[in-house]
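These are the structures in question, set out in turn.
Both of the next two complexes hold chain A, though its partner changes from chain B to chain C.
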Partner chain A sequence: MARFIFRSVISTIVTMFLVSLALFLLVEVGSGDITVKILGVFATPEQRASYRAQLGLDQPWYIRYLDWLVGNDWRVRSRIGHPLVAVPNPQTKELEWWAQVDGQLVRWEMREGHLFALVRQPDGSVLEQPADDQWQQTPEGKEIFWGVNTKNSAVKWVRGEGEEVYVLTSAGMRKEGDGPQQYIPLRKGLLRGDPGTSLQTGRPVSVTLFPRVRNTAILAGMAFVVVMPLALILGIIAGINEGRLVDRAISVSSLALTATPEFVTGVFLILIFGIWLKIVPAVSVFLSDRAIFENPQLLILPILTLTAVELGYIVRMTRASMVEVMNAPYIRTAILKGLPYWQVVLRHAVRNALMAPITVIMLHVNWLVGGIVVVEAVFGFPGLGSYIFDSAIFGDFNAIEAAAMLLVSIAVFTRLVGDLLYTFLNPRIRYS
Partner chain B sequence: MKDQRTGKRLHPAILDAQSALRQGRISRREFMRFATLLGASVATATALAACGPAAPTEAPTEAPTEGAAPETSTPAGSVGGIKRGGTLRKAMQLQRIDHPARMSWVEAANVVRQVAEYLTVTGPDNITRPYLLESWEASDDVQTWTLNLRKGITFNNGDELTADDVIFTFSQWLDEDVGSSMLGLISYWGGIENVEKVDDYTIRLHLESPNIAVPEHLFHYPAVILHRDFEGDFIKQPVGTGAFTLAEYAEGERAVLKRREDYWRMGEDGQPLPYLDEIIYVAIDKDAAVAAIQSGQIDSIYQPRPSDWLALKDIPGIAVHSASTAQCFLVRVRVDLEPWDDNRVRTALKKCQDREKILQLSYFGEGDLSIDAHVAPVHPEYCEQPIPPYDPEGARALLEEYAAEKGIELPLKVTLATKNDEAEPEIAQALKELAEPAGFDIALDITEPNGYWDRWTEVDLGITAWTHRPLGIMVLPLAYIADEEGNPVPWNETRWVDEEFTTLLRKAERTLDVEARREIMCDLETIMQERGPIGNSYWKKVWNITREEFKNVVAHPTSYDLLYEVWKDA
Partner chain C sequence: MTTAPQTIGSRARPNPLAKLWGSLSLVFESRIGTIGFFMVAFWFALALISIVWTPYDPNASLFGQNLPPNAENWLGTDHLGRDLLSRLMQGTQVILVKTRLPNGWVIPIGVALWGVLGSLTLGTLLGLNAGYRGGWTDQIIMQIQDALIAFPRIVLYLVVIAAMGQGDLVVILAITLTGAPGVARLARSLALDIKTRDYIRAAETRGESPWYIMFVEILPNARGPLIVDAMLRVGYAIFAIGTLGFLGIGLPPPDPDWGNMVNEARRFIYTNPLAVLWPSLAIATLVIGLNLFADGLREETTRYQK
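For the complex of A and B:
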């Protein structure tokens, strides 16, 4: 058993690595210029180039992939010459990068040709000090400085370099040429628990992904709890009553439900119960972050739709399996032996008949979590499926990767659970 | 003559316009627009207009098109019956917002505009008025503009709005590193060094080249006035002078805005605006939104599509407001490429437009037919010209002449590229069929919107959606001229540069007098129709679809949400 689990874990890790690499390459090839989506179509090429550099997109893909996987603070550290630490901002709680200089947290800023060190005080405020003495001479005679800027990037400033510098009349405006020459957005990497910043939202992926995963987990969980017992019971009833009226009724209605696509079922449910009768909310309008708890009736129609789609599939699978088992010689023997009918069904038949449906059910868990984009679109449900869809359309690599990694883990985990269930249902596997 | 309210000198051109109004040469609406454009307050302009004619020209509705009528009139029963409180829930996509100067979506601007404000406002009637400004004055050569800031306006952090905030905001627009689309729009300012701070409430712009559209540009959607300490992320620092504060912003989920108690504008009941307590924007799919507004889960939908309009227009309890715009879908050609370098081919394609049919097929007739020039009837300087008829025979004759000269066979095979969006595929399909008898064989190349935006300036024949701009002379320099080196400007997707056109346009850009400008515009329109690179079947209307219990709701040509004076009758 231990070996079995060990093997599963190893193969999981390899799978996840390959998926992340494949996805990275797909997004790399498939998505257009990300700055078009962020800055709009009307930004100038220079503005785009500058923004790409600020996002670190001027690096080759393998560097960016490594950054994503294991982070880059350890790599950048040697250039800055101080350890880099990520500490939460006292107000927003989002992580901010600082360099640790002599026990103090420092970032830098360049204004009007002068370098300033921003030293974080214990109370969270920032003290500004001139830092023009920190410029480093390069062999070519330039003065450069590597530091951490206020936007969480390691940046290289070159003194006095850039376009022609002109003096601005207003206070506080940065001159041209004060901008860094190179940016390396700092990150810890996924393996150290940081999935990065979403390009689409500009916020950490973990912040935006969590509510979506939670919503989907609740929807999928509720749907699962409703569908699975119902489907199994109906399937078993149909199976043991093969050919009778009750079997026909169950089979035909479940076939009809499954054959109707979810966008049709969903729209009809919305029209009838949401708009015409107005007894339940028509679509999933989440007016607050906790709407799913404050207003759980929002879930009724999506769950009904998912039930309609899922039910027939599993009913028919269970029924077929049940029919096969009930015709097996050992069941006939058991019945002829005089065991009570319900005992034969529950003790002997159901266990064997559930093998096939369990596989299907476990596959469907994954589908319920990530694949119900259609249902999410029909109801406007803010779930993981639409999150992945939107991220993919945008080319938001960090978000796609994080969501995909999550789905892969769920897939692998459900497979593991499925395997364990098998061994419980079928002792023969246990000893092989 | 002085402005009665502000005591400032009136621009001489206003007086000219007043006499034009008296003689009935321009309508009252045009006069209002023109006078406020040149810095007269609305009150003064109204007074001046009243000194005008007892006029047959003064039609009962000032709006040029029927569609604009409902929202210019005050909804019955609103005066005195205003109720306070309530929440407006609106479905709208919520993109990333960081630096407002960098906003590239109207949706983002709609959230920000509830919190921060603009120096000017272009109303649903397409008239621009001072807003955070008390007034503005233009020099006679329209090269020096003095902006007088209103006093006593406070930010939601308690600080008073002064010239420093305004100049800081200008510097952000003009900073290359910010990446604002304002930078290109106001390139004629010539940089921040041409902005002079006269005193704490007065700013003077010394423009590099004259421009009469300064007030309009100040209402461009990224142009909200920021606090002088703004650091670059509006979500972390939602400081502005607006009537709401930002309580929550979750990209792709929702935005929650709460009423501010000490806003500077007063409502009709003498208390500070806004009337609503709360606005919630929810990012849900448009189809889901259509169901949600019917079931009463939301109250309004941002920029309804034609299909949404069709689904909702007859539903009781839901009000549809519409506005005529200068938004259009241009069939445009690259004049530097064969066969479009030959004006006969261009003209032939234009003749293939059965405008009424295209409007019906692609936009349910909800638009105003257009000539083949990029100037709309809602523009003040628009010069009315007859709508060209559908003429496949004429087109065929031109094409045959061209084919004979080139020694090629008809039909002429061309590929029409566009995006699968609002109305473009339908226009493309209609044009394909309408152009067939003329000898065009049009293949369609329809991609996702982003796919088209990646190459919109590159395709040789395409349909490009253009947004609304308040003045006719604001659009033409963006797309139909060359820069100083003679290269077409970045958005000149057609590469069409015409010397006579450019000269006239430059003249129009400096002409204050609407009537004189319209005369130039007549010529500009004629040139564009005769040899220009675009076909334009119609100007689309936009709708604002909101539940009936909300009053004072207006449809804005650019789908801006002006919600401070909206109230809920519940």
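For the complex of A and C:
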């Protein structure tokens, strides 16, 4: 048993590693030029190259993979010579990178060939000091400086050789003189809880992802609460009445439900309940961040759609398992020895029959995710599914990778739980 | 399942197509299997007919917009005044009978079927190796398969399409990748069972290579469950194609796509609610047909095994 658990956990960790590698390669290496999406099709090659460098995309993929996974502040630290810390901005609460020099938080800026140190004061404001005495001599006779700039990158400035760079502002690309020669965007890495910055919104993924995850968790959780008891009961009823009219009715309708795509179910539910009967809102219009709590009827149609999609599959599963158990010799024995029928069903059959569906349901989380992407697209529901869809269309790799890794970890984790649950429920494995 | 008894020493083997038909024709023994067969055959026939004839040009705006069903347009028209019946018929082609290559060529057999063939090939290759060889090969293949299964399908579709763009071949690749782990798992369990048989011992004693044993001895004996599974997978594939079409990232135009037809029609659901119904019904009946067909086939192939 302990050996089995150990093996499952190890295998899960290896799986997660493989998935992260595959995902990273597929998204980051396979996708096209992201600057086309951010800067538009009319940007010049110089502007693109400059922006790619600012995003750190000029580094080889394995370096970027490591940065993405475990961060790079520990790697960059030796170049800057000071510890790097991420401190929340007093206004936005988003993390900013600072170098810690003699107990003070410092960033640097180069203007008109001169270096300035920006020292953060305890109240959050910034004090500017000239820092031209900090240039370092290189053997080739150049003066260089590695520091943290105001855009959370570690950068290399060379004195007297300000690179011409293009900075993205709200009004478009702006050309600047005193630019750095090299950029390394600082990040803590996924494993330390920092999935990076969204390219689409320019804000940290962790900030924008959270409300979406909450919305989807509420939606999927409520659908789960509705589906599970209903599906198991219907499946058991169909299973003990094998071949009768009840069974036929339940089986045929669950087959029809399984074979109807989510988007069709959603569209028909909108047509019937939202447009003809007008009893529930037909789309999920979120006027505020907390709309889901203020206006719970927004959830009704999405939940119904998810229910319809999931119901058929679990009912069929439970029915098949129940039929198999009811034909087992020990059930015949129980009936023949004169136990009341309901007792045979409840005490002998159901316990064994539910084992298969429960583990399969755990595996089924993957399917639920597919359903969620479609349901959120149909209803305009701002959840994780629409987040991942939008990011994939844009090519926003930090956002896709974060959302996908979250979904994969949920899927892998539930499967691990399913495995353990199965071991626990099944004495034949438990005692072996 | 065996056909005529073979004379000893004769090298003649039954033609593989006849063998496949031998296992498929069993389905007519079962009532639901027969129903399923005719539902699937109906759509195949429609696809073949649409190659030579559709009532009107499926991509031409010939009529009024959003017309309800009438004598001229049996299923009505869409928001651009195109005949829905013609579009529905034409939409069957890409799924079932033709695939468009990027250079403009068209090859027979539809996207859903190529996708399933792909996952069947990749899946049996991995699964048979894992099951028959065992040991480290098994460990590594199962680990890769676990990683692929861990991806939610839709995420894999989105990522593959985001990375490689739209196109028939990309959809085929996405279906192959998502289907292969499931096939591999099934093929592995079948191989684990079959490799304990005496005829495998005999082949090993004769000195046959592992590849010969896997593909000539094990695979033909594992074909029943694999075929049933493949039928269900065609259903999933059609489902997936519909979903991608609905999200607007599926099979590219000019050929109509059922999922995309639903997406276009739902925007005009107030004026023409029936336009949503037809493509939805098409997807649902085709998938149900495949499900029934697979159920019937499974019932008949496992009837004598209990």
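The rule is short, and it goes like this: the second predicted complex is superposed on the first by the 405 of 432 C-alpha atoms of A that agree within 3 Å, B and C clash if a C-alpha of one lies under 4 Å from a C-alpha of the other, contacts with A are read in each partner's own complex, and residues count from 1 in each chain.
As a convention for this text, a residue touches a chain if its C-beta (ideal position, glycine included) is under 8 Å from a C-beta of that chain, and two chains touch if they have at least 3 such contacts.
Computed from a prediction, not measured in an experiment: that's the story for all the values here.
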A:Ile270 in the overlay: touching chain B, chain C, both, or neither? Say first, second, both or neither.
both
Between chain B and chain C, more residues of chain A are touched by B
A:Phe293 contacts which: chain B (first), chain C (second), both, neither?
neither
Return first, second, both or neither, reflecting whether A:Ala411 touches chain B, chain C, both chains, or no partner chain.
second
Contacts of A:Val373 with chain B and chain C, given as first, second, both or neither:
second
So, A:Ser50: does it touch chain B (first), chain C (second), both, or neither?
first
In the overlaid three-chain picture, which partner chain does A:Val27 touch, first (chain B) or second (chain C), both, or neither?
second
First, second, both or neither for A:Phe6, with chain B first and chain C second
neither
Check the residue A:Glu262 against both partner chains and state whether it touches chain B (first), chain C (second), both, or neither.
second
Contacts for A:Tyr341 in the overlay, against chain B (first) and chain C (second): which applies, first, second, both or neither?
neither
Chain A residues contacting chain B in one complex and chain C in the other 270-271, 275, 377, 393
Please give the residue numbers of chain A that touch chain B in the complex, ascending.
32-33, 36-44, 46-47, 50-51, 91-92, 150-151, 166-174, 176, 179, 198, 200-203, 208, 211, 270-271, 274-275, 278, 281-289, 377-380, 382, 386-387, 390, 393
Under the touch definition given earlier, write down the residues of chain A that touch chain C in their complex.
11, 14-16, 18-19, 22-23, 26-27, 30-31, 255-256, 258-264, 267-268, 270-271, 275, 366-367, 369-370, 373-374, 377, 385, 388-389, 392-393, 395, 400, 404, 407-408, 411-412, 415
What residues on chain C touch chain A, complex-wise?
143-144, 146-147, 149-155, 158-164, 235, 239, 242-243, 246-247, 249, 259, 262-263, 266, 269-270, 273, 276, 280, 283-284, 287-288, 291-292
Quick one: in the complex, what on chain B touches chain A?
89, 91, 95-96, 98, 102, 104-105, 164, 167-168, 170-172, 175-177, 179, 181, 183-184, 191-193, 195-197, 228, 231-233, 236, 248, 250-254, 256, 280, 282-285, 287-289, 291-292, 294-298, 450-451, 453-454, 456, 490-491
